[in-house]
């Protein structure tokens, strides 16, 4: 390929013309994406399709032969109490985590955006959890809940803290929620802070003259200005929390009973250890559809709000 | 008009940061004690620093080998991801008016919502059939799987870059590839930083993919080694915490050195 | 310029892609040396096997044995099977995974292997019971057992005798409790630690025809596990306050430090306990589950069996290694270091702390772990974790029965 002459690819090309002629420039664009598409199809789409395929079989993951069973796995899925409980746990957990993370992050970001001493220093500290590995953070907190918190509980004579909350069917989820929130806030704080810094300060000054208080300032000016950040944070954090896995592996392994078994964990455990690969593949398909649905739903609602504001 | 320092907020922020730092303090406090001192109090500041816990942990986990593996995998993933994903995103971003490329965009992005467990077993089968159950295969998977989110971020950013810049280069005789590498890629630096940071954190801290892809324990990454360590060494918490801290340390050190730049990268990338 | 960059990208990509391919073929360089892979699932046994392998390699300089023992070994093994990358020698337990892998044709058929003559017939039968197959795909190597591990010093201090009936057992627990100490140290944060005790209770009370009915497709847990569940709940009263929140590792340390008089675990916990307190004087006695002394059986299962991958390229070398491990001096070394019972005839475990189980082994008063027959999908351990918390026997039986039927139904 020599030097391409500018006449072949008119620089100020209209889109109409581009559609008609397959130019050298178009070839280049296709050459850029085709290898990526092939790799992605091979290592992501194809395995995913295989997973869907297996969901209609009775394959246990290792046997040499298996049969087609139609929708049997799906029917059993809807009858299974463990599966149902894991959906309830995962969704309530994700909703709580999303709300907590976004409220706390926004509050901290507003604090960091205020006139405070050593802002950059604190900003750096608040972002720190984001660079730590989830699994190891889980191990560290596991020790805290098992060995430190009960001692503190005894010293302060708070009865329910004297036992490890991770061992309690009722409260184990609280421990996991705390760890997830502790770590997930880091990233969201930074995003909100960035959003807050895009709000021009003269807007506040103008409203200050009108005699608006802080609360009104927030709802009238700040929040509408950072609404796009709010949208993307809500959607992405919800999606991440719906896939919660590492923290649970490190802290409770899904127990006690199934009380902290998230959907991902159930698919992993049932599919790999439990020898019910096909059944859990069906579960994964449903799970995928739900995540997709929730994300699109959130985007629609939140974007509509953005426009309304 | 200069405002005065808002002390109530400053104090709240200080209290909040103590919550962030507490688990790390606890880890140090445990890692620097011996079992007897730990039994007395886990949180008290260590009177004698037992650095030998760290040397023992280095030996027990073959730390430097795992560090080398993690660094190699993360480094290669980082470079390849930035070079390849930005290129793909560029082609997609500049052709969003065409059905094919718009379809591609949604094809990549929708993969974000596919739960990993569904592809887990098939991918294990596939990588080994292709002889990719090794660090090379792991890097390839990171680069490919990263495309879902990276293309989403890159495309948003590239579309904000005026096409006029490219047109000037085309008039100067650059072809499409040259336009990308000479004009667009340099402009992508802020977002490259973002993608780079996110990719590094992901590849460095990931646990599940190395667990199922890597066959040879000599290739084990840091999180994998911690996991083995956790089950093998039981209740030697001093040793375990020394080991955790060492596994966390490289990223924290990088973060402390490049803190402004890292946060700046994340911020600049996301404002777009 | 453009070409250079392209070449660079292509170069980097190809290095990455092909690095994978070349590294695998590069290893088998010495032509006369055979390398075999020994995959085993007991991470605590790595050092023992390392010593045995060193000895083997010295005797057989042309064979190199590579020991592989990853975390989540059975999951890794399954993925290896998917990859058709089956190790030469495989050592796991006689459990449901072994059954599935046997049926999948992973193992070489060893039914006519002469080495099986050395094995105690009870364990061969156990193997057949677990897989439900007539062929034998492995040589049972060592067995474990579950008993009540007790702290002799505390028993002496409180003037307690080893109980031989259920009533005596409860009285002992009661006396320990009265003295202000903890009778049992439970570690229910790890779900599986509910199983050792429950296995003993269920194996002795579920009825002799339980497995026959099961093979006919009748699941009887809902009624047959009642006595076991009730006795299990009875034992829970003698635990400690934080028994839901402590994990296995911490339990070993706590028992080692004398925090309870008894510990309801398998004998595999003893080396771990001694790690925490090498000076501890402990013993093991069989659970007395009825009021007739000596009636209750000890639960013992095949903890490690050795098989050869059906697709092994070096079956003779693999066979040689297995025969080496079966030699008296070598298995003796293993059982001493790992505190296990040999599955072979004519070899005895002389460890003084296991004295209390010796009689049961000599009499053959043994029974396999019931949970080796429960499909993994039933998650009996997690249901027991809940039972340990709410002590609701009826709900537990109902869940077990339904979950088991559900899993059978899905097959």
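Letters A, B and C mark the chains as written, and numbering starts fresh at 1 in each.
What we mean here is this: a residue touches a chain if its C-beta (ideal position, glycine included) is under 8 Å from a C-beta of that chain, and two chains touch if they have at least 3 such contacts.
Computed from a prediction, not measured in an experiment: that's the story for all the values here.
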Two chains sharing the most contacts, counting C-beta pairs only: A-B
Most distant chain from subunit B by Cα centroid: C
Whole-Å gap separating subunit B and subunit C, where each centre is the average of the chain's CA atoms: 37
Where subunit A and subunit B are represented by their mean Cα positions, the distance between them in whole Å: 15
Of all residues in subunit B, the ones touching two or more other chains: 84, 121, 140, 175, 177, 227
Residue list for subunit C, restricted to those that touch at least two other chains: 2, 79, 82, 250
Numbers and ranges of subunit A residues touching at least 2 other chains: 1, 61, 147, 272
Interfacial residue positions of subunit C with respect to subunit B in the complex: 1-2, 5-6, 9, 12-13, 16-21, 23-24, 43-44, 68, 70-72, 76, 79-80, 82-85, 249-250, 252-253, 272, 275-276
Residues of subunit A defined as touching subunit C within the complex: 1, 58, 60-64, 72-73, 76, 79-82, 145-147, 150, 162-169, 252-258, 270, 272-276, 279
Touch list for subunit B against partner subunit C, complex: 76, 79-80, 83-84, 121, 124-125, 128-129, 131-137, 139-140, 175, 177-178, 181-182, 211-212, 215, 217, 227-228, 231-232, 234-235
Residues of subunit C that touch subunit A when the two form their complex: 2, 74-75, 78-79, 81-82, 96-97, 100-101, 103-106, 188-191, 241-247, 250, 375-377, 379, 382-383, 385-386, 389-390, 402-403, 406-407, 409-411
Of all residues in subunit B, those that touch subunit A in their complex: 3-6, 9-10, 12-14, 16-17, 19-21, 23-24, 26-27, 30, 42-43, 84-85, 87-88, 90-92, 94-95, 97-98, 101, 104, 107-108, 110-123, 126-127, 140-141, 144-145, 147-148, 167-168, 170-171, 173, 175-177, 180, 201, 204-205, 207-208, 222-223, 226-227, 230, 237, 240-241, 244, 247-248, 251-252, 254-256, 259-260, 262-263, 266-267, 270-271
